[in-house]
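You will see chain A twice below: alongside chain B first, and alongside chain C after that.
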Partner chain A sequence: MDLQHSLALIVPEEILSVGGLVLLLAAAWLGDKASRGISVAAVVVIAAAAAFTVPVLCGGNMGADTQAFFGQLRVDAFAAYSKLLIYAAAAAALMIAPRFFDRWNAMRAEYPVLIVFAVLGMSIMVSASDLMALYIGLEMNSLAAYVLAAFLRTDSRSEEAGLKYFVLGALASGILLYGMSLTYGFAGTTSFEGIRAALSGGLSTGALFGLIFVLAGLAFKIAAVPFHMWTPDVYEGAPTPVTTFFATAPKVAAVSLLMRVSLDAFGGHADAWRQVVTFAALASIVVGALGAIGQDNIKRLLAYSSINNVGFILVGLAAATVEGASAMLVYLVIYVAMSIGSFVAVLMLRDAEGNQIESIADLAGLSRTNPAIAWCLLLLMLSLAGIPPLFGFWGKLVVFKAAVDAGMVLLATIAIAASVIGAFYYLKVGKVMFFDEPANKAQGRNDWAHWTLLIASTVFISPLGYLLTGWLGNLADAASAALFLTA
Partner chain B sequence: MIQVLAFYLFAALTIASAVLVISARNPVHSVLWLIVAFFNAAGLMVLAGAEFIAMLLVIVYVGAVAVLFLFVVMMLDIDFSELRAGFVRNFPLGLLIALVLLAELVFGIGAYQAGRIELATGTADQVTAMADSNIAAIGQVLYGQYLFLFESAGIILLVAMIGAIVLTHRDRKDTRPQNIGKQIRRRPGEATRNVKPEIGQGVQL
Partner chain C sequence: MGGFPILSLMLLVPLVGGLACFFLDAKAARVVALTATLIDLALGIALWANYDIGGAQWQFTERAELFAGFSYALGIDGIALLLIVLSVFLMPICILASWEAIEERVGEYMAAFLFMELLMIGVFAAQDLLLFYIFFEAGLIPMYLIIGIWGGKDRIYASYKFFLYTLLGSVVMLVAMLWMIGEAGTTDIPTLMQYDFPVGAQTWLFLAFFASFAVKMPMWPVHTWLPDAHVQAPTAGSVILAGVLLKMGGYGFIRFSLPMFPEASAQLAWLIFALSMIAVVVTSLIALVQHDMKKLIAYSSVAHMAIVTIGLFAFNVQGLEGAMIVMLSHGLVSGALFLCVGVIYDRLHTREIDRYGGLSINMPKYALFFMLFTMASIGLPGTSSFVGEFLSLAGTYQVSTFVTLVCTTGIILGAAYMLYLYWRVAFGVQKNADAAAMPDLNAREWLMLAPIAAAVLWMGVYPESFLAPMRKDIAALDARVARAKPAFDSALAAARPEQVRKEPANAMPHAEGAGEGEGH
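For the complex of A and B:
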């Protein structure tokens, strides 16, 4: 447990922080003209961090050797799995940004720098095994995210999104900290291992309060109902590349964190939090599905869709088993691919003057004016709805299977029934694109980065994705085995 | 014995100055009494053997009070000439306070040399005697056990700073900042011009 061992374990974080600092200097000296180059460099930095994370996942690292800095961090296969997913999503958010911001001359060199620091924060979040490390990582990510939401300074909606996200995020942090202080007060330690040991005798009312507050704070970060109110506004107002980022990377990080807290620190008291998680899961599925129906802005619709998806992920957590955790991890990969794909498709829709098209009515007849994007978007929507031949179905299947195996048949049944409501609005988008009279709005050229990402994610969610199930399942099993090692 | 005496002195003065903070009519006086209260609270911390907190109290709170002072001065309409008018009349009071503070310093240092005050403790096993001074002990924890978190907190502050600059910094075109390089490079020919005006015509500038 000496310093050298700890430092060797956190090489990805070191690369990210040093890389972020160097890029910050580059941004200060070279100015906004170099922002494209800096974005490329940021992708390279993130790829380098990923290269040092892959062996940890493939080796299935777990146990005492993975503890760094007196057990404040645990760099095991579970952390590596989430980290790789976060790195991939962040790289996508970097690649799609320049073309979007160029429209307003708003691409600035700080965008990639902030993304790198947000990724660093998320890296700390997913490897945290101490309440303090958890909070530090969460705040680092959140602070960068608040700024990113308001990045388009000339757009009042973007500013509103930033402010709203900041105020509500600060409130959630307060709730989380209150819960953490209660937990610390009743457990006498902040390390997850210590909390687990201290609470093994039984959960006192005070510790239960702490648990509930911690869960509420984290539920805000993953936008689970009833803490979801900010999501549609922030997703709509934030610049689309930033929304892509919000819908993917921080969600993966917060879900992983929630898994670590509930299955590791409070793993001995699954009965205490199962009720809360079950409610949040069902409420998210239903509110996400019903809320999306009335939306006429595609970004708001996708925001409700992400709330809906978080509900399905939480179904896996309610099972509180190794299979449940593994199913959540599989679902997360598919969810990230679907989100990146659909937001990139939205990003590619521009009218003749180059303005972004966000209203669903303007998508009318897209299949005739821009068939490639229309087909990709249709496949992504059907996959989000969980229609069988597509890969989105697999994610829902494994999650429901885990819930049924854990004896939660009722939860799984209600969730499946509610997912039918969700299918309605996904199909509505398809109907508008394929059967309505063309509005002839969408056109405009797009660069290769958009096409690459859109096609890659569409291929991933297409039936071809099933070729990966074995491999993905093995990795997720290794990761959840590492998570459950102490349990 | 000296510790107990010093304790009552500091405690009484903390309360007295705190009362004066809220009862003083003049906001400037309130702020000054607040400083006295903080100094006395810091003295109490020294007596309890927590030198680090004592220093924090003085540095942080007195720093904050300086800001508050500026705020009061800027926001409220205070006639400073009137304040200075009573200097000779109030001189004995000022001298008295200075003497009290001096006495406190002497007491405080004396008490500190004599060892920290014996605090009543609930359970004996929770109080472990510290070999080092507080500051060394805090340093050990901060730069040893919590090194990673400490450095990460530094990055959070950096991110906050980047954020503030990204959101507020604007390149203003209407300002004329001094460009020293340009000033030095300037040649007489660029700035002056020889003209020979006709008599009675005036000059064209």
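For the complex of A and C:
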């Protein structure tokens, strides 16, 4: 447990912090002209961090060797799995940004730097095994995220999104902190392992309150109902590349954190939180589906879709088994690919003057004016709806399988029946693009980075994705085995 | 054929053709689609020719562990063989039917049809539960697009209704499948067909599967998506819907509900009978008052499918064989009737029955074909429907005279609405000048209708060709469900079902032994 061992474990985080600081200096000296170069450098930094994370996942590392800084962090296969996903999502958010901001001359060098710091915060979040490390990581990510939401300074919607995100995020942090203090008060320790041991005798009312408040704070971060209200506004207002980022990386981080807290720290009391999680899962699925029906802005629709998807992920958590955790991790990968794909497709839709098209009505007849984007978006939408043979179905399948195997047949039945409501609004997008007469709005040209990401994510969610199920399943199993080592 | 992966090839051909169609112009796409479907037809004939009647239950099996949790496993028995042959037989005809009728976005249209063919073959050939589900559900996407893009006036409503209705039916089945996989520890369909699920759980599982197959079938009262979808879909879409997609429901009952949950099937047979009786009478009466030709045929489909379900749940060989023949025959006949509607719709662009009349004067060849298929739909001896309906009703008669009595009225009512339709369209005076000026069938339309007419007559005159491949599988299924055979209040005191069972009229010498092996 010496310092050297700890430092060796957190090489990715070291690369991110040093890289982020160097890029910050470069940004200060070189100014906004160099923002493209800094973006590229940021992708390199993240790739380097990823390169040091891969062995941890492939080696299936777990156990005492993975503990750093006296149990503050646990750099195991589970953390590595989530980190790689976060790094990939962040790299995508960096790749699509320059072209988008160029339109307003708003591409500034802070963007890549902020993303790098947010990624660092998330890296800490997913490896945290102590309430203190958890909070530091969470806030580090959130502070960067608040600024990113308001990144388009000239756009009042973006400012509103930033402010809303900040105020509600601060509230959630307060709830979380309150829960943490209660937990600390009743457990006498902040380390997950210690909490688990201290509560093994039974859950007192105070500790239960602590648990509920912690879950509520985290539910805000993953945008689960009833703490989802900020999502549509923030997703709509934030610049689309930032929304892409919000919908993917922080969601992965927060879901992983929620898994670690509920399955590790409170792992002995699954019965206590299962009701809460079950309610949040079903409520998210239903509210996400119903809320989306009335939307006419595609970004708001995708926001509700992400609420809906979080509900399905939580079904896996409600199972509270290794299988359930593994299913959630598989779902997360597919969800990230679908989200990146759909937001990039939205990003690529511009009218003749280069303005972004966000209204669903303006997508009318896209299949004739811009068939490639229309087909990709249709497949992504149907994949989000979980219609086979698209890969989104596999995510839902493994989650429901875990729930059924855990004896929660009723939950699975209600959740899957509610998914039909969701299919309705995904079909609506398909209907507008394919059945309606062309509105001839979208006609902007796009650069290779957008096409690459769109096609890559579409191929991933196409039936070809099933070829990856074995590989993905093994990695997820290794990761969730690491998570459940103490259980 | 040895180890040659003919089923995979049959899946691959439409896949490649479909992908190619996306990038081709209208002319090339038509040719590619026709070529691909003809290749698949040739492969389907090869499949039939090489199928070893009386051989192993599952033939042409392929297995590859490509995925986590389930495998790419294909294989067919006689039942699946015939349905696959039906699918590949109808596909080139569908492409021909769309040759001139579809002018917009031809490449995408042909691609959708080829993907549809891939998925239909996949459904019947899948030997893995999850693989089956994926093929089964995936069919919604191309059909949604076919109805929505190339459909009629109310196509959007129809496409939504079709998609959501069938999806809602199917998702519950998925939960049941997941439970079964957890319970039996395998996704292999042949293994699951021998697995004895706890009787208490069977009821729930049966109802979950029933929700899906009853919608697909469709059974009364969840049939309402069908008339909408049929009316709005383009002609070829209707042919595929009636010809093959509806058969997936019946196939599901034969493949899953009956062998996997025999006790529950027996317990709930009353439900099937009740719904089927209502369906036969109610939908036949509804068909009688339709003004839209396609709607009339759609309602007649629901009535015919009810004959299938009573045959299936008669729990005897005649009933099961009859149900299969009705399915095959209905696939041909209703497909042909939709094509007949399509032929005159292409000329006059209306499906209103009153806009036509006296067509036998100016379109005698057309009227001849139309009459043949009308008679086949009624179930005239010599046509395929007669064989199927007779067997199905004969099977049902052994278990319940009342059900048979009610369902036989369907044949009478069927004669009423079909003859009434034919009379209004083909006979009488030529009251509309534009209808009277329509030219007779052209060569392409001959090519579409003549093969189906030949098949209908073949199945009607010599059904043995179609009964032989599936005889052993039906016998195995009958042996499997025999233990749950409910004690029906049969009126035939002298020939109660168990006595009839001892020596079925068409028993094969080794059927008894094979049946025992399957049953335990």
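Assume the second predicted complex is superposed on the first by the 487 of 487 C-alpha atoms of A that agree within 3 Å, B and C clash if a C-alpha of one lies under 4 Å from a C-alpha of the other, contacts with A are read in each partner's own complex, and residues count from 1 in each chain.
In this section, a contact is a pair of C-beta atoms (placed from the backbone, for glycine too) under 8 Å apart; a residue touches a chain by one contact, two chains touch by 3 or more.
Just so it is clear, the structure is predicted and the values come from calculations on it, not from any experiment.
Shared-chain residue A:V404: touches chain C; no touch with chain B. Once the two complexes are overlaid on the shared chain, A:L73 sits against chain B while remaining clear of chain C.
By the document's definition of touching, neither partner reaches A:F484: not chain B, not chain C. Of the two partner chains placed around the shared chain by superposition, chain C is the only one that A:F393 touches, whereas chain B remains out of contact. Counting contacts by the rule stated earlier, no residue of chain A appears in both its interface with chain B and its interface with chain C. On the chain B side of its complex with chain A, the touching residues are 145-149, 152-153, 155-156, 158-160, 162-163, 165-167. Of all the residues in chain A, the ones that touch chain B in their complex are 3, 6, 10, 17, 20, 24, 68-70, 72-73, 108, 110, 113-114, 117, 120-121, 124, 132-133, 136-137, 139-140, 143-144, 146-147, 150-151, 153, 162.
Here chain C touches chain A in the complex through residues 65-69, 105, 108, 130, 133-135, 137-138, 140-141, 144-145, 148-149, 155-156, 159-160, 163-164, 167-168, 171-172, 174-175, 178-179, 181-182, going by the rule given at the top. Contact residues on chain A toward chain C in their complex (touch as defined above): 367-368, 382, 387-389, 393, 397-398, 400-401, 404-405, 409, 412-413, 416-417, 419-420, 423-424, 427, 430-431, 434-435, 466-467, 469-470, 472-474.
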